[in-house]
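These notes open a run of structures that come right after.
Same chain, two partners: chain A is paired with chain B first, then with chain C.
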Partner chain A sequence: MSTKILVTVKEVAEVDDEFEISGLDIDDRYLEYDLNEWDDYAVEEAVQLSEAGDDVEVVTVTLGPERSEETIRMALAKGADRAVRVWDDALADAGLLDATTKADLLAAVVESEEPDLVLTGVQAADDSFGATGVALAERVGFEWAAVVNDLDYDADANVSSVRRELEGGVEELTDVEGPAVLTIQTGINEPRYASLRGIRQAQRKPLDVHALDDLGLDESVVDSPVDLTSMYEPESEGDAVVWEGSPDETADELATFLREQGVVEG
Partner chain B sequence: MARLRCSVELSDSQRLVRDNIRELCSEFDDEYWRRNDREARYPTEFVDLLGEHGWLGILLPEEYGGAGMGTPEVVVMMEEIAAGGGGFATAQAIHGGVYNSVPLVKYAHEELKEELLPAVAAGEQSIQAFGLTEPNAGSDSTSIETFAERDGDGYVINGQKIWTSRVDQSDYLLLMARTTPKADVDKRTRGISMFLVDLADANRQGALDMEQIPKTASTAVHAFELWFDDLRVPADRLIGEEGDGFYQVLDGLNEERLAIAAECIGLGEAALERGVDYAKEREVFDAPIGTNQAIQHPLAESYMHLQAAKGLVFDAAGRVTDEDSTATGTLANTSKYLAAEACYEAADAAVQTHGGFGVAREYDVERYFREARLTRLVPVTQQLALNYVAENELRLPRSY
Partner chain C sequence: MTVLAVTEHRRGELRTPSFEIITAGRDLADALDAELHLAVIGGDVDGFADRLNRDGVDAVHTVAEGEEFNHDVYTQAVTAMAEAHDPDALLMPNTVNGLDYAPAVAGALDLPLVTDAVDFDADGTLEVTREQYGGKVETTVDVEADAFALTIRPAEWPAAEGTGDAEITPFDVDIDESAVGSTVTGFEEVGSGDVDITEADVLVSVGRGIDEEENLPLVEALADALGATLSSSRPIVDNGWLPKNRQVGQSGKVVTPDVYIAVGISGAVQHVAGMKGSDTIIAINTDPNAPIMDIADYAIVDDLFDVVPELIEQFGGQAPS
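The block that comes next holds the complex of A and B.
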């Protein structure tokens, strides 16, 4: 019996220490793009499942412009079998895509791919909504588990035994029946480096691009109650003190400081 | 974080190579490269990581487990390794491992290729060392005296090599030796042959003596003087045709030279980045020193020269072939010459920007400077690159 795992991957922007804001965004000159850290763990988890099982296909799906293909190829180089990229002029024009819009777009892909399991990252490092995975599950009517840091997947029964992080250091062990969406937490595994052969193969793996039309959607999918109205850098409310020197010296200085501030007594 | 790189248009596969090498380099912090230099310690951990992930087989055909990539990808790999903090030394630590197997692909018999190349591609066996230069034959390489004499089912080799790098980090040595004395050949480039020497076997025979050459740049990559005393090499370890070895070396030399040019670019970018960062951070007289044009201009100028050289190197990487033609020779020599000059200029500007701290080990620019100076000497001096262009491209009389 074959298993299909769909992994959502996002190309995220990383900002330089110093940057400038231009309109509603950070000036592109200060941005570098990379695979979202959480998604790296989700890809690794899927690839490990495909290596452990028979006939497991790993498909990645990305919402992003052509530039994001670099990130997608990285995931393919690490072992995903093929990739789907969704993009459209309407998405480019919309600017901010909220979690509902993303869930609608991804749902269209889930409906056409019919995966047994969907893995997403817990959140994206740039907008940090942390909502897309669960919103997607609701949208397609799948079971879900969020912030999964351990996964034992039974492909025959399509049941995921997961450990998930709750607030305050509490963890929950639970079984989730498939098809399901699991949002993957960092630390669940150790993401691999791509091998050079993997990189070579990645260039030959299929990467299909879908516009809204291809997914049976129209431009209304980007309508959102959420508007990005301004972008600014919050003012710092406190100053950091940095001590330089050996641990012995700096520990003394820190202790004195903490006493003076009344943080500790004695 | 944003890294200082001169801009060139990269293909998809070049971008993948860049991103992945960057990721591998980010495993290692500045102190790692610093310590390797200070303690003259080979970057074993880094090289093992590259080997494990197949990077030493980047040029090997896929049928032997390699990646089947070419010079356009190698230049990106080498630039990133050097620019990632490790400098020229770290790129040199694997340079031989990548290039010495290339003549085997072309000239070795199938049995040897099938036995050895997949292991090289997997990082399990290495051909890091290449022995050509001798005390009495430096740039004048057809004057080598190391001699291989046919004896039954093999060859017996006697002679001496110098400046042979990475012998201590290699399973094999690709060795050039005369099989006909120079006096007995009608063309000086004939009568030289290429052998693959199993170093463990050579040591077992007690036929190899080696002594490390103390040096002040690229200290992490050790260079040796070697002596061969009746070293027996089986006849099937002759690579290619007897007497044709020199041509086999020339073949592919231009592509390798471009990889070295890219290593220079990477080193220049690393040095320049340090200079620029320091110029922004260091405040004297209540302003960052980078406010002053005396600091800005040398940095800006070296950026321009690096950018120009990088444009040429990457363009040449897409155009060279393994033919030993004047056109490719000129491209490769010009690229290497300009890249080394630009990298030296960048390293010098970075040191000057640092003022007295320019010689403090913890700021790394002194290490980059020592390495940048070396790039103007290896694999051949800048003057030899000029000679090449003068003689072959401009058709001026041969000067030596």
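The block that comes next holds the complex of A and C.
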């Protein structure tokens, strides 16, 4: 029996310490791109399942511009079998892709790929909606579980026994009937580094690019009542005293403070 | 007009976000000139409804279905309640359980969804304030719609107080059991062990700025020199460098030491949730814009690999070579 696992992966931007905002986003000069941390764990989980199972195919899907292919290839280098990238001028022009819109787009891919299991990250590190996976499940009529930090997958029954990580060190044990979407939490496994051999192989793995047309969607899919209207640096609420100087001077200030407070002896 | 806010409980207790969402819901209801209704689903619904009947609540709808949270039940119950009462705004908490049903409810009702609101302005078009890039910037999003769903970040609004005169009524909903595809089989407490970081007066807490496991002895030496206890942010535990019982934050421990020294920790919301009650917060971080600076009382904006060895020396310790 064969199993297909679809992993949604996003290339996210990380911001330099010093940066400038231009318009509705941080100026590209101050951004560095990488695979979303949560998705890295989701890819690893899928690859581990494929290594443990007989006939498991791992497909990644991203909504992203051409630039993201380099990042997507990293997931292939770590063991995913092939990749799908969805992009279209209409997406480039849409501005904010909110979670509902992303779920609509990913739903079209789920409908054509018909996976047994979909893994997403809990959240994207940049805009952190924390919503795309569950919105996708609802959209395609799959079961789901959010914030999964342990997965025991029974491929024959298509049942996922998961632990959901709740607040305050409590975990919920839940059985989820497939086909399901699981949103993966960091720490569930130890993501591997891509090997040189993996990176070479990744160059030859299929990476298909689909426009809206190819998915049977039209431009109205990106119409959303939710619009990004401004981005700014928050006014610091803090009134932190910043100790200035060389490391020995600042360390001295901190040491003096701790002694004066009486929290540390000596 | 109606604002419907969904509350939450776990293992017999209402959770704090349930009282905060009353405050947020009342703010929104005032702006929209609407009534505030609460949804209470599962567990001791009558007892919960009584305790939730605080100032500003106009009605409480209870659904006595199951003991604990089940996302299929919540999704069906909230969807049915929204269809019956046609709220202009549907508020849900941005908690782990909120993440597990809010997007499904918004989808089922075809409502636009904005998550993790830290503020909103509803005079005219709804404008929601959110954070992006790990809290380094804020954004506003406008929602052009007659009705919308919004999730509320915990600990941003104060808990509602007082006593209200809400009408408490059971809400009838036929849960479609065939659509319940998930079963909660139990709970487990994790992260206990020999060290209890919640008992410490002084915590030296290490984050991803430490870069490599090999560098950990440096902060250990600092903790030793200060007679402090070592704790950490989540990535350090995810990487297996420290055990789970050292993790501070939403999914770790909530700590309230006299002094909390955050070394190479950015101050993500889920981390801050576990340490903002510390008496004095000191941050050592190369990034002057890191969100931890917003809650720090004292800060050193510098490389931890330069500052920490000097500190260790100040206290007569020896930095590992």
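Keep this in mind: the second predicted complex is superposed on the first by the 237 of 266 C-alpha atoms of A that agree within 3 Å, B and C clash if a C-alpha of one lies under 4 Å from a C-alpha of the other, contacts with A are read in each partner's own complex, and residues count from 1 in each chain.
By definition in this document, a contact is a pair of C-beta atoms (placed from the backbone, for glycine too) under 8 Å apart; a residue touches a chain by one contact, two chains touch by 3 or more.
Bear in mind that the values here come from a model prediction, so they are computed numbers and not experimental data.
Undergrad: Contact-wise, after the overlay, does A:74 reach chain B, chain C, both or neither (first, second, both, neither)?
TA: first
Undergrad: Compare chain B and chain C by how many residues of chain A each one touches, and report the one with more.
TA: Looking at chain A, the partner in contact with more of its residues is C.
Undergrad: Who does A:203 touch here: chain B (first), chain C (second), both, or neither?
TA: Once the two structures are laid over each other on A, A:203 reaches chain B alone.
Undergrad: Which partner does A:248 contact after superposing on A: first (chain B), second (chain C), both, neither?
TA: Only chain C is touched by A:248; chain B is not.
Undergrad: For A:17, decide between first (touching chain B), second (touching chain C), both and neither.
TA: both
Undergrad: Between chain B (first) and chain C (second), which does A:146 come into contact with in this model arrangement: first, second, both, or neither?
TA: second
Undergrad: Would you sort A:92 into first (chain B), second (chain C), both or neither based on which partner it touches?
TA: Touch status of A:92: no partner.
Undergrad: Check chain A for residues that touch chain B in one structure and chain C in the other, and list them.
TA: Common to the two interfaces on chain A: residues 14, 17.
Undergrad: For chain A, which residues count as touching chain C in their complex?
TA: Residue positions touching the partner: 13-15, 17-19, 21, 24, 26, 96, 98-100, 103, 122, 125-135, 137-139, 143-147, 163-177, 180, 183, 186-187, 190, 224-234, 236-238, 240-243, 247-248, 250-255, 257-258, 261, 263-266.
Undergrad: Residue numbers of chain B touching chain A in their complex, please.
TA: Residues of chain B touching chain A: 1-2, 12-13, 15-17, 19-20, 23-24, 49, 53-55, 57-58, 62, 65, 67-69.
Undergrad: Given the complex with chain B, which residues does chain A contribute to the contact?
TA: Residues 14, 16-17, 30, 32, 69-70, 73-74, 77, 193-197, 199-200, 202-203 of chain A touch chain B in their complex.
Undergrad: Quick check: in the complex, which residue numbers of chain C touch chain A?
TA: 10, 15, 71-72, 75, 94-97, 99-104, 106-108, 112-116, 127, 131-145, 148, 181-191, 201-202, 226-228, 234-235, 237-240, 244, 250-254, 258-259, 280, 282-283, 286-289, 293-303, 306-307, 309-311, 313-316
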